[in-house]
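Each of the next two complexes has subunit A plus one more chain, namely subunit B in the first and subunit C in the second.
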Partner chain A sequence: MQPDPKPGRPAHDIAMWGAPGSGKTTLLAALDIALMRKDDDWRIVGSDPASSEFLIERTNALSTGKVFPEASQGLEHYHWTLYGPGERHRRRWWRRPGKPEPFEVGVGMIDAPGGLFSAGPRRLDYGPDVLDDLRERMLNDLVKSLGIVFLFDPIREFERGDAFDHLHPPLKRLTERMRDLGRLTGGRLPHHVAVCVTKFDDPRVLETAEKMHLLASEPDDPYGFPRVSHDDARDLFRQLCDLSANGNADMVLNALGRYFHPDRVRFFVTSSIGFYVHPQTKAFDWHDYQNLLPEDDDLRIRGPIHPINVVEPMLWLGRRLAAEKESPR
Partner chain B sequence: MTRDPVPEPGEDLLGKTLARAVAGLTATGRLVVVEVAADGMTTFEIHRDEHGTALGRQWPLPWITLTAEHGWGEDARQALLRAAGLPAPGSEVIVACSSPESGTALQALEWLREARTAQVFSTAAPIAGLVRDVLVGDPLHQSYDLVVMRPAGAGGRLELAGKLLFPVGARAGTRTELTVRCEPGGEHGTALAVVTRQGREPRLLSVHSARVAPGPYVVTAELVRPGRVRFAGLPGLAADGRTWDDLLADVPDRLPPRTGPAHLICAVEVCGPDVKVEERLGRARQMIAFLSGEPADTPRVSLVAYGAHSFDRSVRDRPVEVVTWQATAEAALKGLDGLEERGAVTQGYPYHPHAAQVEDMLATVAARLSRSMSRSSPGRHVLLTIGDRRPHPGRADRSGVLPCPQRHDWRSLLAYLEHLPGVAFGAICDQPEDGPPHRIWRHLGAQALAHLDALDLQGLAAGLGLAVPAAVHVPFPLLDETE
Partner chain C sequence: MNGDGAPRIGFEWALEGKEHGSYDEYGLLQWSNERLAGVFDELRARYAAGTPSELPQVTIAPAATKDNDEVSHNVVLAIHTWSDHRDFAGRKVAYTRWFYVPYHQLQGHPVSYRALYAALGALPPAPEPPLTVAVPALDPRDVMPGSDALAAAALLASGQQVCLVGADGVPMAERLRFVDTVMALLPYGLRTRFSAATWTSSTTKHRIKLSFARYAPEGIQAVQWGQGADIPLDKHSATYHRILRKRDVDYPDLIGWLAGQTEPLSFNDADRSRVFELLRQSAFQSPPARPDPVPAPPPAASGDHGVVEVAHRGPTVAALARALAGASADPHPALDALLAVLWTQSDRSALADALYTYNCFQHVIEPQEDRDHLYERLVSAAFQPDEEWMWASKRGALLAAEDTPDPVRRRLKALAGPRWRRFGTWDRRYRLACTIGVLVVAVAFAGAGALQLLRGDDPPAQQALPPQPPHQQVVLVKDSAEQPYVTAVVKEALRRAGYQPDDQVQGAPSVLIGYDPDIRGELAVNSLTPVGDFPTQDILIVRDDQEGFPGQILVGEGFGQDVEDQILKHHKGLLIIRKPYDELKNQLIDGKAEAAIVPGDVKADGYTPSEALDDLLPERRIVVGAGSALKPALEPAMDRLNKEGVKSSDDPQADAKAFVDLIYSHAPALASSAKPVSEPVGNSGDVILITTVVAAVTGLAGALLLVRRPSRFKGSLTGRHRA
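Moving on to the complex of A and B:
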């Protein structure tokens, strides 16, 4: 377990949050690849050697080995810094517009196996002290963070239906902690939340979106990938909730809406690996778009990955946090 | 139907009277004939059984026995009348005296005359032979049918039926000839069962069975005497003691599929574990070898091998291999040698682990069959698929299985093949490791579906119409359709 990051890291952290197997690790690895594919000067850098190593390993696994990053097995606490070109400050009466300041936001993730907060049968091979410590760290992360990336895996929800179990206990404790610190605003948590509906590349998710007529391609996308705009993402989330294995997914949506300020929650429909693109056509093909290939009991990535909506939640959060920094409440 | 000349039952009046009296016997009637002779009295009682056959039984009463017990007085008279078993008034009684010079016989004749009105005849010889001749010469009172099976509607359904052997009035010596087809009859062989009818209900008269090779037979039936039919034309025919219910218990409801010239297409999945591929190829070999030894026409054999699609850009997708097409069994077996030597196709990565080129195989077979049928008559074609994997879908779907690179749609290909005339589907499917077989295997094994580990070659071949089923026996002859 790493010590707490160095004091020099950015203050406005983004915390990654989601049920085990919801794709936190994959999303981060895909983020690194997606940033490198962008023309502008975005990059994500580890805040300590372990975090750098973690990101290098996972990114390589995803891009070179065509395998999914290994799911978290240990109890790790990672921090990275997301650097960007920044935006030119708006003109204020007390200062002239100057050079844009580099954008910088910290991203933290407790990389722990599932069941950390769940009330169900404990399957973790750790003693109560270790678990208490880890819960405390995760809560601290969430308390210190101003932004949260919450991952909702509709396929896991369809098969296991445990998203609410992994959201509800820490949410209650976070609210309690924030109330004690006097940081609730209007009785709600102050965080900005990017809700990422993952696995957009899965036929079950894509077809649901298609049936709801939520798909559109961006005009400047050379591959013509289908996308769901963030305005429609909540509707898709709601529809996917109906397919939950235990019917509790709608409570995830309700909890997010009640514990956070609705205007600080935005939905994104994401895919870390994206759709398969045939090397000859170099375009999205409705007949053959799956980028996953079963291998033994696992899944392997079939072709180059084209992450969809992986950068956008980070940038949205980063901008919201930067804006808050400029105009403190 | 032919009829031999039937000798007259007797030229004398007694013979004619007896014949007339027997012919006039009803189902419940009784005729008593008493012969009085120098040494005793013999009573003949004649009645008809359930088949209308006149049957007689006789019992003697020697005078020495009568007198020893009763003397020759009133007691003897009563004992004599009891022994004569005279029927109630109204029934016919015939008395014959073969020793008119014997005083004892005349006394007995007198007692009988006093007791009942009877026709009395004199005869020079014992009448037992005459009675037997009359019974043998009695014409049939009910028609005799041979039990046969015949097709009833489509789908090979069978029904029991009767083929008339002898009509009412037929006499001993009459012969009739008919052509039947015998199928494997099981333990008892084919039964030639003769029945009469009470209304619509058949009554079993006689059964003779023979285990004969399947095929057409010309059978001759001869009416030896009323109640006895002798058959010729089936070798090894012997009396069979089974009851009507026993016979009915063996009757199948369907005609086994006809065998005959066919085209067997063995499509073998050659990807997956080596041991499984080896086993599949072995099953294909067994089937081809088995059919080569069948008495029916040996089928033409096509051998098709298919594997998994490659989804690796650097490895070319290996197409479905048509090793032989409409070739001899020997050529197909030679083709299997090559496939066995090569073993499972594992070269290249990543092959799909759960699906195979089933849809490509169907496309290949459909194209080949379509070409064959456009050049000649459709004939019978049997697609025997040996494998366990599912097909690739035509386009991405929720199954998660990648779509066929050729965009073949197994549903439409299967539907096309199913509608081709004379195409049957059989499959030998091993249980996949990841759950039950895909639903396509129900279609691929529509006529016969077997498991790789428990294969009944005879049953599978029979289900596909490539061999006669061992389990289905037809206990009665089939009426020849060309008759």
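Moving on to the complex of A and C:
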């Protein structure tokens, strides 16, 4: 039998939430690559063999095989631990600052097929309030989670426009369930939410950000990749909502603001595969940056993976949840 | 498994997937019955096994429907395959074909899941009415339960979820066969509540009763493929396991009888006592009412037609073994037919003989992807742990045979197990003899100790007698690999330790040099264990005046036939001539050979190594085996040889001497700073102490053996029937 995750370690469930094909599993698959690409000392380790195996196999498939994960067909639970450099204690008048304690947080990631976030099959004869087994389990997982990574796929929204359809039904059900459990705080859900605007590497998203003058490079980034800071990410999100195919995307932003505490929601602009870097120049090139190209009725990843803002949402959530555990409300 | 002529059963179906380029989640695309579409939707949510990496796979699920308060049970089979479609994100789309079979049809005509899979899987993606299919009846003789199936059945019977681990390379068809085997050991009526999946994700929480995964999810009992599981000592599973393992149970009878128990049953507490009652009836009493004889499946349409037909007429093991040895491309049906008739000790004995006669059927098994599993099935069927008296000599013969494949060899070696384990199953008289022997030795040691104590005023000996110089001991070194440098190193190391190596005397070798795995059998026969193991590669050497690729190549007599075949395949018209090694050597010395393939450590004047065959000459491993007494003498040299590798040598003797010199050049410095190698054993106090301790330990061992329960002597604690 698979051993339980190491006992005694802080563990926080974080649920992935997003429409089909928004990149939930790909973002998880890119997590280890993103940590490896960072200069600091962050690491992710599986807390059980199956979770380790996901990291190994998916990371290899994405980085070496350049293969995206297949569409999820069930609820997957991964147990990982994030290890990172600690923060030095603040100096007190009675003691010198101590050695930084390494940061360690256990996360239980829940990856669900995007279709589970829709209203549900209409064919069931059991009435609208009765959920099928998988949706019921997914909702229970959301109830147990303290953090949510919500993925907003601007390309799908532009072409299809159903992000709200994949946010609203489970959000209503979750709120009802949490209310019944007496766990709403100030009438809102207590979760911390990292909203990830995905597919930043797509020209339509990058150029929208560029037109809004939201791009900047980090000074220590050797490739000079353009990024959108999390302060500006909300503005980009709003702008992309205006391009929605059915014009409902603004309700996504409003729903997030009304159901969750605004100070517990942070926006990130992310790309799991990042931009193409020419092997010789080793720098971002505005004239040749697409890392995903169509080929024979398929999509091909051209070069090495350079995830952008993939690990930051996890670290933000990990830190938030760890801090909350230390000083519960 | 062709069902032509077999009774037909009705079914409904639904197809799950995505349209090409779809933005949607997986859903039902087509179905045969609108009323059942909702049921399929619910089933695919309830029995979701995760995101598969390899297809096809099969899921089995139960479904119950209610009509006017009357519950109808159904067996659902889902076949997962890849489609040609991709969704909007370019991801492959899997199709799941759901089939829904009303259970009442199976009550009068029990079938296996494999038969259902074969019949339903052959249908087009959207079958047209009439929705019926011919499915042959379950054949109890087709089931051969192993320890894993017995454990899984016992655990399922006690209401636990079971996950098979360690079956990563096992094909889906074999996994489905395993599911059939497990369910054949339970009353048929449990199929109204049974679910199984030939693959599940280790990170998915599910409710599937019997699943396969790389790691068992939390809360699910793991059973190791091919091995079984420790059965928890709860009342139900242990009881069921004990009943199933009773060797006087006739499995075809048991399975046939259980297949007739078709009243719907559940795995929960309410029906558990009924399930156990049924099994008890089947195992301990004469079956009250054997069901009607199940119709034999019709002959297969494949090339193994004859094998199946022979099996129905009740063929002998020998006939089926002959059929397996002569099987064409796919040996599975012939092997299944052979294993299906092994019900008595004489059957198993005949199979063990057949393994020897037909070289473990390796000519038909080796090309198969699941060859290890096939070998394992054969060996575990022929060599039952309780029948060692029957197969001990056959096992020895197979181990000694050069052609015995490695998987068989490993399995046979594992059969021996640690001595202390087997001791518990010895016959009483042997154990008593052993116990008395130990006590006699203990008394002798105690007497010697007492005597030494009485003579305690004797002056202690100042110096131990020098050990018997081993230089008089002749050690026979046999080199089967024709490795002159390694042989020279071995001989030199033995000389340094005072032995007299010889390769001419007659008798059993004390040191054996050969290629892995060919040498393993000979090592086992001579009770030698490996002390050195290092890689080497044969090389092609070509006479310097030879232009172009040679027309003739000399090789040693032990040169691999498969390698020769490969070379000839790539170099048409080439002549490969086998010669005894001495003759080959002489031809090289005389410069008569155009070219030769020789061990990598050989050099010859007038010949130059060529890379022309490097891709075809595989790396091999040289193994040096020796008796335990010689290990200390050889280990330093073998360790260093392993680190440095086997090198080319013009003069193996001189190079080996220099090599061994290098090892022992540090010895004096070490010796001067350390304790003497052997402490003189002259102190009578030490002798008394040692003698007393040995006597105490031996006496204690004897006492323990005496006080153990008599039942243990019969081996009944393991619950196994002794022949």
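Here, the second predicted complex is superposed on the first by the 243 of 329 C-alpha atoms of A that agree within 3 Å, B and C clash if a C-alpha of one lies under 4 Å from a C-alpha of the other, contacts with A are read in each partner's own complex, and residues count from 1 in each chain.
Basically, a residue touches a chain if its C-beta (ideal position, glycine included) is under 8 Å from a C-beta of that chain, and two chains touch if they have at least 3 such contacts.
As the structure is a computational prediction, the values presented were derived from the model and not from experiment.
Peer 1: Is the number of subunit A residues in contact higher for subunit B or for subunit C?
Peer 2: C
Peer 1: In the overlay, answer first, second, both or neither for which of subunit B and subunit C A:Ser51 touches.
Peer 2: Touch partner of A:Ser51: subunit C, not subunit B.
Peer 1: Going by the contact rule set out at the top, does A:Leu293 touch subunit B (first), subunit C (second), both, or neither?
Peer 2: A:Leu293 sits against subunit B, while subunit C stays out of touch.
Peer 1: Which of the two partners, first being subunit B and second being subunit C, lies in contact with A:Asp180: first, second, both, or neither?
Peer 2: A:Asp180 contacts neither subunit B nor subunit C.
Peer 1: A:Arg204 in the overlay: touching subunit B, subunit C, both, or neither? Say first, second, both or neither.
Peer 2: In the superposed model, A:Arg204 contacts subunit B only, not subunit C.
Peer 1: Counting only touches as set out at the top, which of subunit B and subunit C does A:Gly21 meet: first, second, both, neither?
Peer 2: second
Peer 1: Just to be sure I read the superposition right, which of the two partners does A:Arg160 touch: subunit B = first, subunit C = second, or both, or neither?
Peer 2: Second partner only, subunit C.
Peer 1: Touch check for A:Tyr78: first (subunit B), second (subunit C), both, or neither?
Peer 2: In the superposition, A:Tyr78 touches subunit C alone.
Peer 1: After superposition on the shared chain, which partner residues are touched by A:Arg135: those of subunit B (first), subunit C (second), both, or neither?
Peer 2: The second partner, subunit C, only.
Peer 1: Where on subunit A do the contacts with subunit B and the contacts with subunit C coincide?
Peer 2: Common interface on subunit A, subunit B vs subunit C: nothing in common.
Peer 1: With touch defined as at the start, can you tell me which subunit A residues reach subunit B in the complex?
Peer 2: Interface residues on subunit A, with respect to subunit B: 202-204, 207, 279, 286-290, 292-296, 300, 302-303.
Peer 1: What residues of subunit C sit close enough to touch subunit A in their complex?
Peer 2: Counting only subunit C, the residues touching subunit A are 18, 23-28, 37-38, 41-42, 45-46, 48-53, 86-94, 163, 201-206, 213-218, 220-222.
Peer 1: Which residues, counting only subunit A, touch subunit C once they are in their complex?
Peer 2: Residues 1-2, 4, 20-21, 25, 48-51, 53-54, 68-78, 113-116, 118, 121, 123-125, 132-135, 137, 156, 159-160, 162, 297-299 of subunit A touch subunit C in their complex.
Peer 1: Quick one: which bits of subunit B touch subunit A in the complex? Just the residue numbers, please.
Peer 2: Listed in rising order, the residues are 311, 313, 350, 352-354, 394-398, 400-403, 405, 407.
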